[in-house]
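For reference, the structure I am asking about is given below.
Labels run A, B, C and D following the written order; every chain starts at residue 1.
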Amino acid sequence: MMWHPATQVLTKDDQAFDPATLSWAVQSVGPEAGEPVTPGEALRRLAETHRLRRVPIGIIGPREATAEQCRIAEAMGLELARHGLQMLCGGKSGVMEAACRGHARGGGLPIGLLPDEEWHAANPHVAIPIATGIGPARNAIIARACLVLVAIGGGVGTLSEMALGLQFSRLVLALADAPHIDGVARLASVDEVLERIAGRILSAV
Amino acid sequence: MMWHPATQVLTKDDQAFDPATLSWAVQSVGPEAGEPVTPGEALRRLAETHRLRRVPIGIIGPREATAEQCRIAEAMGLELARHGLQMLCGGKSGVMEAACRGHARGGGLPIGLLPDEEWHAANPHVAIPIATGIGPARNAIIARACLVLVAIGGGVGTLSEMALGLQFSRLVLALADAPHIDGVARLASVDEVLERIAGRILSAV
Amino acid sequence: MMWHPATQVLTKDDQAFDPATLSWAVQSVGPEAGEPVTPGEALRRLAETHRLRRVPIGIIGPREATAEQCRIAEAMGLELARHGLQMLCGGKSGVMEAACRGHARGGGLPIGLLPDEEWHAANPHVAIPIATGIGPARNAIIARACLVLVAIGGGVGTLSEMALGLQFSRLVLALADAPHIDGVARLASVDEVLERIAGRILSAV
Amino acid sequence: MMWHPATQVLTKDDQAFDPATLSWAVQSVGPEAGEPVTPGEALRRLAETHRLRRVPIGIIGPREATAEQCRIAEAMGLELARHGLQMLCGGKSGVMEAACRGHARGGGLPIGLLPDEEWHAANPHVAIPIATGIGPARNAIIARACLVLVAIGGGVGTLSEMALGLQFSRLVLALADAPHIDGVARLASVDEVLERIAGRILSAV
């Protein structure tokens, strides 16, 4: 993958990446020199120069979270914002609130897809509260709506979102002490997660 | 637990079981002799003599099922019918179809809670097709609607139903090669499953 | 449409009706004489002699209902049972409870598709409680699941079910003082409703 | 209602409006002079100076829309953005696409709550695609999530969203030739709609 600073275009072989559709298309690229980038770097360059289509990236985890889980969730939310990515979560307390705090701090507009009937039930850092009124069944919509789901800690609620994510062919990643399921990569750091998210976004053909 | 054949009443200490509400209530029971019964036996006696409230028992499993999974599913559906229990499943092929076949053979009226928009999408053994039109999100409703979920084989779809069941505090049981999750008892036979289901129904206070 | 008493077959031109699939298929019918029947009569004959596929017929209406609305709902539920039809409703009080009472009295097994998280929230006449846990959004599933929706009285909740029914191409009928919408036939009696339901079931090709 | 330009505070009697919670709270306001404003003007001033909580305002209408409906939808989406309001719609073509085009042109980030399983099904002007995978049942979530629903044209699909909105106690407004329902105000212009939306947001106590 090559980044072309002058034209602000990301290329791969004879294709260029379109940030609006998150897809590659054949495009004649001038002779301008490019520099090789990792998916994560490519995403950062795109975020600085373009508006990426805001397909949500989900952060999932428990309401009752440990300090460590909250620390990781806040860092994850922050980094998503810095990479120009739209965060979506369940909009409640614990891991969700920490993720929203971080995302908002990074300039993002965190979406909270609430189980509740009214938007007031969102945590104070949710920028865009979406009250569904369907209770925990909203987990199925979170799993469907997100391109990638990042689990941080969590019990059976988080497990159900992870399993629904796999069922819907989403990329599901686990950080910290998230439940273990076959098909879910367990990663050690926020940076690794970002690299995997970038890989998913940039591999979409 | 004591079964009183003459009055057809199930008692425990000074309480009698009400099949309409699936609950125990204090009731003066005559001096008539009773015989001790296991939960499974108690359920069979009640089914022969009363109409139990038809709170669904779910059978969940994959569309593409092995011959062994289908054999077990059919036996499970049949035994639920023989015990006067209402079966509910996803209404499609594989484990679901086998379970419906068995349940219908036992005189039951299997319910298929379909992901599809029209009832014709049900397998031919579904007696009561309920088209939801909400796709695989209907798994969340299956998990909510059932008192007990019995998983037979299955991949991520079944896993998501199991996890949702745990999230909703349902009793979740695994037969055959169902996915493993903490909190789910793995049982070896249809009889053991029935004994556990009977225990759940008869322990409801 | 002709009913053949000896063979218990319903015919139309050179086709016979299959109660299991609610569809017509070309079939050579013997020379046995038949008698002309209306759709309603045909349905009654089929119900006496066969098991019709239990695709639900919905009764919708308010929790706070007038005595007259309840009287009509109970009669409607009863007649559905007498015609071998499966009733489904929202499972709560008012029109829903009256419809369940009538349906159960006629030997039916009324289904209550509840907004609640637990089955205990059903009215006492619901034979098969299905807790959805998704709140009033369950109206969309009632509208989808039923072949025909019969509105009896009602306010905006009933109106939303009627509108969803039309959106899903269901036959929507209004009795008593149900809200008025274009595309909904307002009928004067339970008998007229049954004749229309029978027409819908028997016209399905 | 008084707008205080120096402190950028909106007051009513002895209360000040908090844009983050969309609520009024008692607050001592200095002797600085204020100028009387209508709700619509107040909203514009707040939008220029603060970040309002982005509780969605819904635009609903048909996929197959007339040129006039599209013109109104685009103007409506644009004005919502100019007033700092978050638009949400069904994300498909016709009225929805026109509303998204206008909203994006005004600097907004239109949300499309899609019936589909994948985000690619959104119209090209949707900035934040949310794939629900639950088909037209997503109408119930649109109606729940929005503070106000503005119907522009439409048939039974729009009617169902309007009725669900009323059922969930949302303010439902009709523009152009939207279906008529009791309880829905039919307004003549985008300006009138904005004044009503502003009144709803600013009256929330």
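Rule of thumb we're sticking to: a residue touches a chain if its C-beta (ideal position, glycine included) is under 8 Å from a C-beta of that chain, and two chains touch if they have at least 3 such contacts.
Small disclaimer: the values here were computed from a predicted structure and weren't measured.
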Option reproducing the contacts of B-C, where over half of them reappear, out of A-D, A-B or B-D: A-D
Chain pair showing more contacts of the two, A-C and C-D: C-D
Chain B onto chain D, rotation angle from CA fit, given as a multiple of 5 degrees: 180
Interchain centroid distance [CA atoms averaged], chain A/chain C, Å: 46
Chain A-chain D separation of Cα centroids, rounded to whole Å: 26
Chain C and chain D, separation of their C-alpha mean positions in angstrom: 39
Sequence positions of chain C contacting 2 or more other chains: 117, 132-134, 136-137, 140-141, 144, 168
For the chain D and chain B complex, residues of the former touching the latter: 117, 132-137
Sites on chain D touched by chain C in the complex: 136-137, 139-141, 144, 156-157, 159-160, 162-164, 166-168, 181, 183
In the complex with chain D, residue positions of chain A that touch it: 20-21, 51, 53-56, 86, 88, 109, 111, 113, 117, 119-120, 124, 127-134, 140-141, 144-145, 147, 168
